[in-house]
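I've put the structures underneath this note.
Paired with chain B in one complex and with chain C in the other, chain A is shared by the two complexes that follow.
Moving on to the complex of A and B:
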């Protein structure tokens, strides 16, 4: 796996607010590297399913929630990919892609483009190559990846802590204080858990671990979060070893 | 003098041609699955019980199996708004339809995928197929609780149909798990079941909701992702919006009012709701709740996805501190239907896990929430003093 820790290193006189290559230091990254990353994006089998060109009609921007609150444009995503503009695609992988809401409102595109899907692919390439934007995007997110990969459910009742969700109102504290009792008051037997969404069978979890290992999904985080990767690897290998399963 | 690089322009223009194969959403994924099964590429789990036929966006008929269903639960519902899941089960029980609530089920893991991209097509497809294979082993037909799971599984189905190399990879992984590459004949969201069953549900209603005004937020991943599979009905919004949720609310007798930003997402954002909530709060209140309040003045916002209920419900608290025009109950269609059918607001619908004030809605539905809370507290006392370890279905209807 190639290490490409090449985030924007803005020159002292540059205006970092501008999304311009010259100001943001993108010119320092060799074109060949940008083209290599774009080739990875283009090599994804879904790329051809998601891109058919662009009228520049702007429908995708009009319906995009992220375009309302960020300097983000699904039209630019489709345009850059269609023009095979490796420079702009690289800039988007550094600055734009983590602003997308992944709601897929943009698939309203009359040409059948899927800019949100292109963003998904670009994010995967950013993660696989350890780009600085990917590391930054995952700050504060590690516990979620740990939860989903190690337990099979993404969010759990015990995540509802007042300090984690102070903006969700006093009811969050009520849930936290009464968690065990309120979970035991739920009539479905599978929901009596506090550290997972529901009770996942041990055999099911082992199958999930094998999927993460055999598809390379676990190794995707090796560069962006080496500590988390090490912890998850140990958790999974230990569990599989207990079951006598060789990887 | 300016020279136009014509050859370069023409070369780029070629990328704007669609080519021979139109790879947008498949018109009839069911037919594609059956064709692949005939070639020995995969196994299709059939609908094998009584089913209701409904119409999808482009007119394809979709069948919704009524009973003997395998509940593919939602991590966000079960974890943070458990009355959502409990209400789905309760309504099914009240209608007398059997189901299976499995432990042999993982999350679809799509929330994480759309948030962090720390996964890939093969892993996502393998997770989906493992769950579908587990369902088939029980003989129950899968019913998907989460809108994102539903949308993502439809994406996975498209990818598996289109890309033989992905099928090969997933088949190999499944073989290591002792399973086959299984997909169901139809991918069905629970809100489609509620829509299909709406008249049976309405026939069992015991509470009058005719005075209730609702606005509906249709979930993006239900009807935007692989859009052709979503249910549309010419009698609801003239067939111009999905018919689920609205069809149910109207069948129950509620008044559904429209609002201008119905197409907007809720603001969930996947990663934003967890680590960038300033965006989520702003979008949910400014583009959804405040617009609904100004244009429709609803008693309740009804929606049909994990993230949408969470976002629209939880985002109102901070806005209230700034005296914004917010403050409306947010429920899933399943919780609303359960309440109409007489479900307990706390023992079944678990409204104490919600943040926005739902009490005015309960009063409008003729429910004494103070008495209901006292009843729930009495049950909690039984757990505290060790009389019971867990409450069960008999307790919630006591």
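Moving on to the complex of A and C:
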């Protein structure tokens, strides 16, 4: 694995007149490395179905929710790939692809392109190559990953703190004060939990952990967040030992 | 010759189709061509493949020539120009100058098939260095290379690694005075771009455009394959100038959809020169006294539903004499003109008999 990316950096020092390539920046990353990553994107078997040719019409941007809130453009994603612009594709893998919500509204492209699908591939390549942007993007998810892997459920009621979910409104604060009471008011007993979404059997948890282990999901976490990986391993080793399972 | 003859001026695809059409429906035609050969611009400029499907041009045009020369109803005069017209509709007398000196012929109707000329990219405000850099060429220069199956930089004979087409050269420009779209250059450039990619597979080919006008089936038959299969790069933004950089060319423009200025090095720059009325079209229009538009093309005065009738009774026009036209337009309007001319003569004859 090669550590290549340097975060959003200063403008490239390349020939200022050659703005087509220099606009992408990241001049400290060799072009050959950017091309290698782009080749990896293009080599994906889905690539041909996700990109035909781009009219540059902007319908994908018009329907893109992320484009309304971020400096993100599915058109530019498709264009950069169509133009075989490895510099710009690299820039997007560092800066843009994490702003896509993967809703795939962009598939209404008249040419049949799937810019969101290109983002999927680019994300996978970014993660597989350990780009710093992938780590940064996943930091926000580390709490959720930890939750899923250690408890078997994703968002738990006690995560719904006002500071973490301001968009949920003022009710979040009211609910969190007497969370346990609110939860016990729910009819199904399996929902009388606060630190997990619902009651999860230990055997389910072990099973999930083994799936993540064998599919390589844990290795990916090790790549992007070694400390999270260390905690998870420790927690799960204990559980596995309790269950008498050896890996 | 007599007044039941239709004179067809111009022996390109339009004139050939018109003359053949007249013969096909039992009329007689006099086909007059200024050059010493038939076939018009596709032959004169050594076209490689016909747009859109790229069939070899020469055999296709030759088949049209053969059809005309094999028709007993058509008399062909090459190396001949019309110098005067007298008489009246239904009974014109043409004065012509040819290899054997001056001669006259009678005809009842006239079809102008005098065609177009390519815009001269050295004219006016063009900054593309056509007469300065050997590697700056036009669509028709490249077409000629393609018919020899050899695409090389004129400066050094090497295959080009980077080629770009600059669209709308001499079209859609108020400064030049040609405000109209030349209609075929988008398709022709895209067809040529595909051929360049096929002949020089490791080349990178760009098309810099204002709008891509790939109407009808040209869209899926040329544009999409060029982009999707042959990876021709379409960049919306027109080149402002071409400069020398070492032994290459530097093109300057804006990548408008990316919102950034650009300067790119090219080995070869192809100017997609538009259509203007040929000198013959302007000269014959004046001579025959038909109304021309401000660009010098012949006005079809009954458009849209009659595309070939001119301002002068008994005189019809077809193809690119009327304005920018592709081959499909040209042969269609030529057949239409043939039909209209014969119908005109027959209606006069019927009126005279009754």
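The working rule: the second predicted complex is superposed on the first by the 204 of 247 C-alpha atoms of A that agree within 3 Å, B and C clash if a C-alpha of one lies under 4 Å from a C-alpha of the other, contacts with A are read in each partner's own complex, and residues count from 1 in each chain.
Throughout what follows, contacts are C-beta pairs under 8 Å (C-beta built on N, C-alpha and C of every residue); 3 or more make two chains touch, one makes a residue touch a chain.
The structure presented is a predicted model; accordingly, all values stated were derived computationally and were not measured.
**Q** Have a look at where A:75 lands relative to chain B and chain C in the superposition and call it first, second, both or neither.
**A** Touch partner of A:75: chain C, not chain B.
**Q** Should A:242 be classified as contacting the first partner (chain B), the second (chain C), both, or neither?
**A** neither
**Q** On the A-aligned overlay, A:188 touches which partner chain: chain B = first, chain C = second, or both, or neither?
**A** First partner only.
**Q** Touch test for A:52: chain B only (first), chain C only (second), both, or neither?
**A** both
**Q** Applying the document's definition of touch, where does A:123 land relative to chain B and chain C: first, second, both, or neither?
**A** First partner only, chain B.
**Q** With the two complexes superposed on chain A, say which partner A:84 touches: chain B (first), chain C (second), both, or neither.
**A** The answer is both, since A:84 touches chain B and chain C.
**Q** Contact-wise, after the overlay, does A:208 reach chain B, chain C, both or neither (first, second, both, neither)?
**A** Only chain B is touched by A:208; chain C is not.
**Q** Applying the touch criterion given at the start, work out whether A:39 contacts chain B, chain C, both or neither, answering first, second, both or neither.
**A** After superposition on chain A, A:39 lies in contact with neither partner.
**Q** Check the contacts made with chain A and report whether chain B or chain C touches more of its residues.
**A** Looking at chain A, the partner in contact with more of its residues is B.
**Q** Find the residues of chain A that appear in the contact set with chain B and again in the contact set with chain C.
**A** In chain A, positions 52-54, 82-84 sit in both the chain B and chain C interfaces.
**Q** State the interface residues of chain A toward chain B in the complex, per the touch definition above.
**A** 44-46, 48-49, 51-54, 63, 65-66, 68-70, 82-84, 98, 101-105, 107-108, 112, 120, 123-124, 126-127, 134, 137-141, 144-145, 148, 152-157, 159-160, 165, 167-169, 171-172, 174-175, 178, 181-192, 196-201, 203-205, 207-208, 210-212, 214-217, 220-221, 224
**Q** Contact residues on chain C for chain A in the complex?
**A** For chain C paired with chain A, touching residues are 224, 227-228, 231, 233-236, 255, 257-258, 260-264.
**Q** Enumerate the contact residues on chain B facing chain A in the complex.
**A** 12, 15-18, 22-24, 73-80, 82, 85-86, 89-90, 101-107, 109, 111-123, 126-127, 130, 134, 151, 158-159, 162-163, 165-166, 169, 173, 176-177, 220-221, 224-225, 227, 263-265, 267-272, 274-275, 277, 279, 281-283, 287, 314-315, 317-318, 347-348, 350, 352-355, 376, 379-380, 383-384, 389-393, 395-396
**Q** Which residues, counting only chain A, touch chain C once they are in their complex?
**A** Residue list for chain A touching chain C: 17-20, 23, 52-54, 56, 75-76, 79, 82-84, 111.
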